[in-house]
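Take a look at this one; I'll ask things after.
Which chain is which? They are A, B, C, D, E, F, G and H, in the order written, and residues in each are numbered from 1.
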Amino acid sequence: MRVLVNGEARELPDAISVAELVAGEAPGLGDGRGVAVAIDEQVVPHSAWDATKLQDGQRIEVLAAMQGG
Amino acid sequence: MRVLVNGEARELPDAISVAELVAGEAPGLGDGRGVAVAIDEQVVPHSAWDATKLQDGQRIEVLAAMQGG
Amino acid sequence: MRVLVNGEARELPDAISVAELVAGEAPGLGDGRGVAVAIDEQVVPHSAWDATKLQDGQRIEVLAAMQGG
Amino acid sequence: MRVLVNGEARELPDAISVAELVAGEAPGLGDGRGVAVAIDEQVVPHSAWDATKLQDGQRIEVLAAMQGG
Amino acid sequence: MGDLELGGRSWGSRLIMGTGGFRSLRSMEEAIAASGAEIVTVALRRVEVAASGSVIGSLRGAERFLLPNTAGCYTAHDAVLTARMAREAFATDWVKLEVIGDDRTLFPDPTELLDAAETLVGEGFVVLPYTNDDPILARRLEELGCAAVMPLGAPIGSGMGIRNPYNLRIIVEQASVPVICDAGVGTASDAAIAMELGCDGVLLASAVARARDPVKMAAAMRAAIEAGRLAFEAGRIPRKLHAEASTPVEGTPEWSS
Amino acid sequence: MGDLELGGRSWGSRLIMGTGGFRSLRSMEEAIAASGAEIVTVALRRVEVAASGSVIGSLRGAERFLLPNTAGCYTAHDAVLTARMAREAFATDWVKLEVIGDDRTLFPDPTELLDAAETLVGEGFVVLPYTNDDPILARRLEELGCAAVMPLGAPIGSGMGIRNPYNLRIIVEQASVPVICDAGVGTASDAAIAMELGCDGVLLASAVARARDPVKMAAAMRAAIEAGRLAFEAGRIPRKLHAEASTPVEGTPEWSS
Amino acid sequence: MGDLELGGRSWGSRLIMGTGGFRSLRSMEEAIAASGAEIVTVALRRVEVAASGSVIGSLRGAERFLLPNTAGCYTAHDAVLTARMAREAFATDWVKLEVIGDDRTLFPDPTELLDAAETLVGEGFVVLPYTNDDPILARRLEELGCAAVMPLGAPIGSGMGIRNPYNLRIIVEQASVPVICDAGVGTASDAAIAMELGCDGVLLASAVARARDPVKMAAAMRAAIEAGRLAFEAGRIPRKLHAEASTPVEGTPEWSS
Amino acid sequence: MGDLELGGRSWGSRLIMGTGGFRSLRSMEEAIAASGAEIVTVALRRVEVAASGSVIGSLRGAERFLLPNTAGCYTAHDAVLTARMAREAFATDWVKLEVIGDDRTLFPDPTELLDAAETLVGEGFVVLPYTNDDPILARRLEELGCAAVMPLGAPIGSGMGIRNPYNLRIIVEQASVPVICDAGVGTASDAAIAMELGCDGVLLASAVARARDPVKMAAAMRAAIEAGRLAFEAGRIPRKLHAEASTPVEGTPEWSS
């Protein structure tokens, strides 16, 4: 399955969930605090991270808090 | 025929033309320089002032140059 | 004895001391704190107030603290 | 004869006049316009340049116009 | 001092004069003559109010270019209609576009201004928009095809001068159309400062019309704009905290002190 | 715009030009011509250093009035001697009196300045003192008989403009001799501001001499001083926080919105 | 000095701190502590870039309210998406809305800002928009339902202070939501001036983060905002050109002079 | 924030309060308490006029240092006599030396001030002279042995703030005694600015005494002086024309636009 994660093309195992993706991308951010995920510009609530499986061709943004502004 | 001229209700003879209206409203502005007329928010070109007859219920603006800005 | 006290001509008993003058002029300022006296533009120290007698024709300034600056 | 001309020790012939000194120091300034001379801090008028002879030990300033201020 | 290139034409004067606020038509005529302005702005009002032909008569005699404005409009809709009326009345495609947002500041409404500018450019107008001193708004107006941008220095008629020279400098830096400082000038030095910041021209009315002596103030503005432009072109000296002598120190006489 | 009455004479120009700091004599000559100045200042230096007669030659041809200064003097004693030398060299009783206190700010030394002014007035000089923008010092100089007071706007050569317009205004209010703003002008608007504050004239050098284009800047200064003076005489509009429309509101068309 | 009422809550501190630009997390933590700020802004970035959890960790410990911003967005579309992400990431409806128009000035784009504000208010956000110092734009944002308006004093990070206090005063006069001065503060007096103009609070980052000693500057800002607010509430004396003695003249001794 | 070293002693507060202009003694007492000032100035007047002992009573209780001034003196002669009286009245060698030149500006007379300072230093006084913002005058006062220099920011009681920050900066740069900004402060930010310029302290009266709420304004001044001093020590960021982002650009999400 090919998806775009934060603008980068990635080959991921089928049926991977958002929760699993985040665990892989940002190990230290496990509890999801300060992290948000969007699939094709739709925010995925924390409560749906486990249940939501990625699908081929999707565009995913995984954002985390940083200093700013 | 009732029309609204510059926001004021007016009783005018039927089939009066724009040119005749202007001559009545602003005698000194006869040549039309510095004057413009709109009927129901459509500008009436000087060239059509003679041919254009007012109709009942129309909203007419007759504007002239003044100091400003 | 005529002297000038703070710009005003005054008739005072002979041999009056500075201390006596101050006691009369400014009863509340008895201990001399915040008060100074000059005779003919010479400051009279507090320690000399008792011993210093006024003389006819002298010009005396009695100044006290006030809010300022 | 030793004099100080503009701060510099100089050996000059005896009985040299101010006019002669200026002619030597500033050839282009012959008519004296824009030039002034002082001997020991006393200005020597143009009219006295010929008659005034320098004397040993004097301190002479020869100043001329320049751009400024 | 070169000409002002504006709207595809060359103008000898960099001063645009408004015609409002004068105590008399005669005062207006004389002040405009003294100002040397070639472009003067005029408004459109309902005929009962507008003086019968006199403004046109006064101004036309002197071969000046009449630039109609849309003063008093609060929406793109009104400004567009007024501009179309002006085009017919004055036989010109040029318009000074004003779309204000507030009758206390008379500052422009950014959204309505952009809408009106877009429509009018599309209809072939030479659009000269009165705008806030906002570099982004100025850029958007330029991108839409306006022939110039005309940022305010301060509120209309306030006489406060150039309240934010930094914004004006940024607008000048980035613009590729002429920048005309419109509104805020109170006295001659304000106009000079606008030009020294690199503006291509100045539009003003109240500072002259309401001065004690409008004709003299018009002459002052003419000279000030020339002064400011020349200074801009001449390249000023840098600012320094400390002094730098203009008379050299060398050769100072040493008197015995 | 009336003449400047100074030292018992009338002058058509309100600009006094210093002659220092130019890159060449030719640049100086052209810039002074462009400035319209009638009075130009010159210094005195030891002959080895002073260019041989050329300054005098350059300036005299054009029928300008040469005003000698005492630049570089730190004491009343030195300034008085230099003034006496200048009187002989330039055949004039006029002197621009400078007695500085510090080579970093080139600000005047108040005590020495007053001493020198008193002596020179007593010797019949027409004394034009360069002074700090101190109203008390200005008053003392006037009381001593100086023909004008010449407060600085900012340090000599700094180009900082009029750092404290309030002091200048107070000096102008109280003075009964001409007030010439001397030093600090950096660009045209600075000169205009000095005149708008009510100064009778401006003395400047570096702003022109060290500009990228001195001749153009000289023309800018000439126009700016005229502009500022005219504006002062014309009576400016008051400053307001809010706007005041220059186009009347009455008669604005009411389009359906 | 009363509390700041903002977004339906009361805050003891009127200083909102940005968290960007610090040389280290430790410096940030100490400076924020010294500033007394209760609200701190944070950004969202892609996880590769964002430091792993540390910001959240640092800030959360101290019981501060994290206010996400939409820094870096140029369109309403991007800003809205970013705000939605922030809502999920920080479990808050509050957002500091930035929609910039230009990477050199970082000034907001008025049209996109209004669009984004409208959308986000409609989605239930507490919208705190960073805006130009444009009174009309500020009014439009308030009309759309923003919880505050946050006009800039000068470009972000420029340290230029309050470039146009007049505009800020007009915005304060007309606003019925809190006015937070956002961007431009360079040093303590700038923050005090913003408060004296009647602002309800100040948002700043660079002035502290990039100071030589951020912790000390944070303490300075805390004191300055308190000072400015107290002075605003205390009612300052009027400005006068001339002096007014604080020590009475009566009773001055008359020494023979 | 270190102590103020002045006259051989250390002071915890950098604010010196004048005691004139208050509406009541009670207001004065409370405001001085709120200001945290350790040094307060007092005047001497003929006993008929001076309130009977109350000032001394009010001020002495709180363990404040009473600094007598020579307000109202126009000559060195009068100031010296008044200082000698003050020495006896207050049992202190300290004196705030005022020798004014004019009752409209209350600016000091430079010559008389120098004369008085010289005499009083010679008699062993700790002389704190109120002076114009003239770097040369400040230097002369320091050379004479004054314990500080106290340049004015603007006329006494005018509330105009620091009219010429450049002069103050130059005075601070060159001084090796403390510089106290005396007179002109109108509101809190003015005091902060004085401290940011590097002044060691601020002396003020009217800004507090005549504020609508003197006690609150006193608290504002206390905070402002702390803020300004901290900012001075913290090292402010440089000023720039353009923006500098505080949130990094890297990692900004790319939404499809």
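We take it that a contact is a pair of C-beta atoms (placed from the backbone, for glycine too) under 8 Å apart; a residue touches a chain by one contact, two chains touch by 3 or more.
It should be emphasised that the depicted structure is a prediction, and the values quoted were computed from it without experimental measurement.
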item	value
Chain B reached from chain A - shortest hop count over touching chains	3
Chains touching both chain A and chain D	none
Neighbouring chains shared between chain C and chain D, ordered by label	none
Most distant chain from chain E by Cα centroid	C
Equivalent interface to C-G, taken from B-E, D-E or A-G so that over half of the residue contact pairs match	D-E
Distance between the centres, which are taken as Cα means, of chain H and chain F, whole angstrom	34
Distance from chain G to chain B - Cα centre to Cα centre, in angstrom	54
Mean-CA-position distance for chain H and chain A (Å)	61
Approximate Å spacing (C-alpha centroids) for the pair chain B, chain D	92
Residues of chain C whose C-beta touches two or more other chains	6-7, 41, 61, 63, 66-69
Residues within chain E bordering two or more other chains	18, 20-21, 43-46, 48-50, 69, 71, 81, 85, 104-105, 107, 160, 166, 170, 205, 241-242, 246-248, 251, 253, 255
Pairwise chain contacts, counting only pairs that touch as defined	A-G, A-H, B-E, B-F, C-G, C-H, D-E, D-F, E-F, E-G, E-H, F-G, F-H, G-H
Residues on chain G engaged by chain E in the complex (per definition of touch)	101-102, 104-105, 107-111, 114, 132, 134-137, 139-140, 154, 160, 163-164, 166-167, 170, 174
Chain C partner contacts - residues on chain H that touch it in the complex	18-22, 25, 28, 41-53, 55-56, 60, 66, 68-69, 71, 81, 84-90, 96, 98, 205
Footprint of chain G on chain A - complex, ascending	6-7, 25-29, 33-38, 41, 43-46, 61-69
Chain E-facing residues of chain F, complex	18, 20-21, 43-46, 48-50, 69, 71-75, 77-78, 81-82, 85, 103-107, 155-160, 186-189, 191-193, 196, 205-207, 209-214, 216-217, 219-224, 226-231, 233-253, 255, 257
Chain F-touching residues of chain B, taken from the complex the two chains share	6-7, 41, 59, 61, 63, 66-69
